[in-house]
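Take a look at the structure set out below.
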Amino acid sequence: MIDIVERGAVRELRLARPPANALSPQLIAALSAALADAAVAAGGAGAAGPPRAERLAGLVLSGAPGMFSAGLDVPHLLTLDRDGIRALWSSFYALLRGIAASPLPVVAAITGHSPAGGAVLALYCDLRVMAEGEFRIGLNEVRVGLPMPPVILAAMRRLVGPRLAERMCVSGALVSPAEAARIGLVDEVAPPERVVERAVAMAAELAALPGAAMAATRRLARADLVAMFDAAGAEMESVLDSWFSAEAQATMRALVERLARKRAAAGG
Amino acid sequence: MIDIVERGAVRELRLARPPANALSPQLIAALSAALADAAVAAGGAGAAGPPRAERLAGLVLSGAPGMFSAGLDVPHLLTLDRDGIRALWSSFYALLRGIAASPLPVVAAITGHSPAGGAVLALYCDLRVMAEGEFRIGLNEVRVGLPMPPVILAAMRRLVGPRLAERMCVSGALVSPAEAARIGLVDEVAPPERVVERAVAMAAELAALPGAAMAATRRLARADLVAMFDAAGAEMESVLDSWFSAEAQATMRALVERLARKRAAAGG
Amino acid sequence: MIDIVERGAVRELRLARPPANALSPQLIAALSAALADAAVAAGGAGAAGPPRAERLAGLVLSGAPGMFSAGLDVPHLLTLDRDGIRALWSSFYALLRGIAASPLPVVAAITGHSPAGGAVLALYCDLRVMAEGEFRIGLNEVRVGLPMPPVILAAMRRLVGPRLAERMCVSGALVSPAEAARIGLVDEVAPPERVVERAVAMAAELAALPGAAMAATRRLARADLVAMFDAAGAEMESVLDSWFSAEAQATMRALVERLARKRAAAGG
């Protein structure tokens, strides 16, 4: 579900769950495991596995051309009960916290569309570079009937400020790469065929800095992002209530049916 | 003092106190009452009054062409004693908190000049669209001898960030609509004859979203704005001390005399 | 070490320690003393010294053409032991707190390069105007092996927001005056020969406002900046540990040797 590509001191973790890199429980688990593996590999000499030419010092999180990730796998999630959804959200939060607290810098190479959970992954990375083109990024949860969870709103605020975080989350806005760069939701845009390369270069640039000073400054500057999860347990039942609300269930089912008809039409 | 115009799911509350929509105790009370009425009307079936074709789901707060509101009615307020000013500021704070906590989204249609208290009203709305042209908006309280009250500085910070909030509040700066949009003090500009229409469209767009998810996200994203008033009682006596300081009284009286002479000259 | 130039109601404090206005213990002490003198002079009639035509009401902190300040005097500091470095950092923090809490507005006239400690001085001023040209400003501490101290990161966040503060501090980025103005690290740019004049005008504009209202609003708007130092004592030993880390010592010594060779080559 994740293709791993070594690029010198930087490891690319490429989401590989066609057609849309939808975040299933399995993909979330695989991504958490890949982060943990990378942390071990970066630990250096003591790490298992074949010796590396260069010590692992940075990560890039990428997707497929045109589609970074469509977010949570709603069709699958609609088949789960409350315990299943609780497990899903808990592991998703654990993944986000893992990205926030990663000992290695993580640069998001947003290779295409990045709505909802796709955008959420990118919020917690160190830096974000997005492919130019007719792609959209944003937190459109409200449009599928889901209130924005507090930790995700807080991460969005950290990037674009309270005014735009309110505006974009309340309206469920999706924006172009250029607009995302203008407001700080992403740091840069690049031609689609260069976005991974650019993300690797950004990660490699961080990896080349004096390591202890860079790591200590990252920990300090990202401590507020990690601390957002301290209260995340308390908000979980409220997130679940919202998920199983009549409005959310009806809106998500309507969305899934619309997508199924579209696919059937395209397939026919 | 307030003209009410129904526009489908959106109700326009149009300040109508010529010549400048100055905020008198009566206008403040009327606006608070109009907000409360709207909340009741939005409550739906159980609400009194004639049936509506569409359920009320959003508000627009507008002013007169060329003049949104000149802010507090200083000439009148200069006739009040400390108890009178305390009552005025308490009801003004209650109005601001009412806008911040409104169950319906409120979009400000800033139809013209919007200094001091006029700008303050807009700070607490969900969104702000301002008329293009030779208008000015800003918190110029310092220029009339009044220190910025803490809750208002905090709301300004939320829109433009700490650096620009400090700079603009300390210097009492008034800026153009274009500059206001550039720094985030307003969200958009529109031609004067389209500003109400645009605000109604923005409110209607919010009203069309899944209602429970949108409302819960608004509550979350605006909780900090509402919470600013938790400590507002404690700052009230200090606001009153500033109001009755020699500097504030002298500066406000000089301003009022200057305006009176200008009006007399224009009238003669 | 500091040239004092009276400019009406504004006093210019011009760093004058060739060649780079590097912050030695002596320069830091002189600057703290100059700030304290200015506060006394602004106190008015009771102050000692010759009578002034105008009451002192604002300060400008400037440097040399092309070089505002190169930051801490690393070659000298490398000769100090832990007690010496503790004294240096304590007095530097006291200076920064003194700028933050200055009863007079302080406008930075960034006359040229302003890396590391040079940029830090400017962060704590009321406003910043920077000379256009091939100059650089930024917090490049990480590039010399020093983690960013928490109070300085917090001040940077206040100007450019958490996203850019993280990005710039982690990568040790130096940026052009135009880029600094775009992101809010400085408020304005001006031609090099006009930067002091412009800073004086900005300080004079503040000085002309109703004094009590302006001062109270400054205190309120800058209270968070001053409060950052409440916990600064607790971070001091960690700052010292970083200073004496193998990485920091090696990186700083390599830098000093590189500079010495460059100077020798230029001198030969």
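In this document, chain identifiers A, B and C correspond to the written order of the chains, with residue numbering beginning at 1 in each.
Just so it is clear, a contact is a pair of C-beta atoms (placed from the backbone, for glycine too) under 8 Å apart; a residue touches a chain by one contact, two chains touch by 3 or more.
Keep in mind that what you see is a predicted model, and the values were worked out from it rather than measured.
Taken as a graph of touching chains, this assembly is fully connected, with contact between every pair of chains. The two sequence copies chain B and chain C touch through a face in which the numbers common to both fall below half of the numbers used overall.
Centroids built from CA atoms put chain C at 38 Å from chain B. Shared interface positions of chain B, i.e. residues touching 2 or more other chains, are given as 161. Chain B contributes residues 141-148, 150, 153, 161-167, 169-172, 242, 245, 247-248, 251 to its touches with chain C in the complex. Considering their complex, residues 105, 126-127, 158-161, 184, 187, 205-206, 209-214, 216-218, 220-222, 224 of chain A touch chain C.
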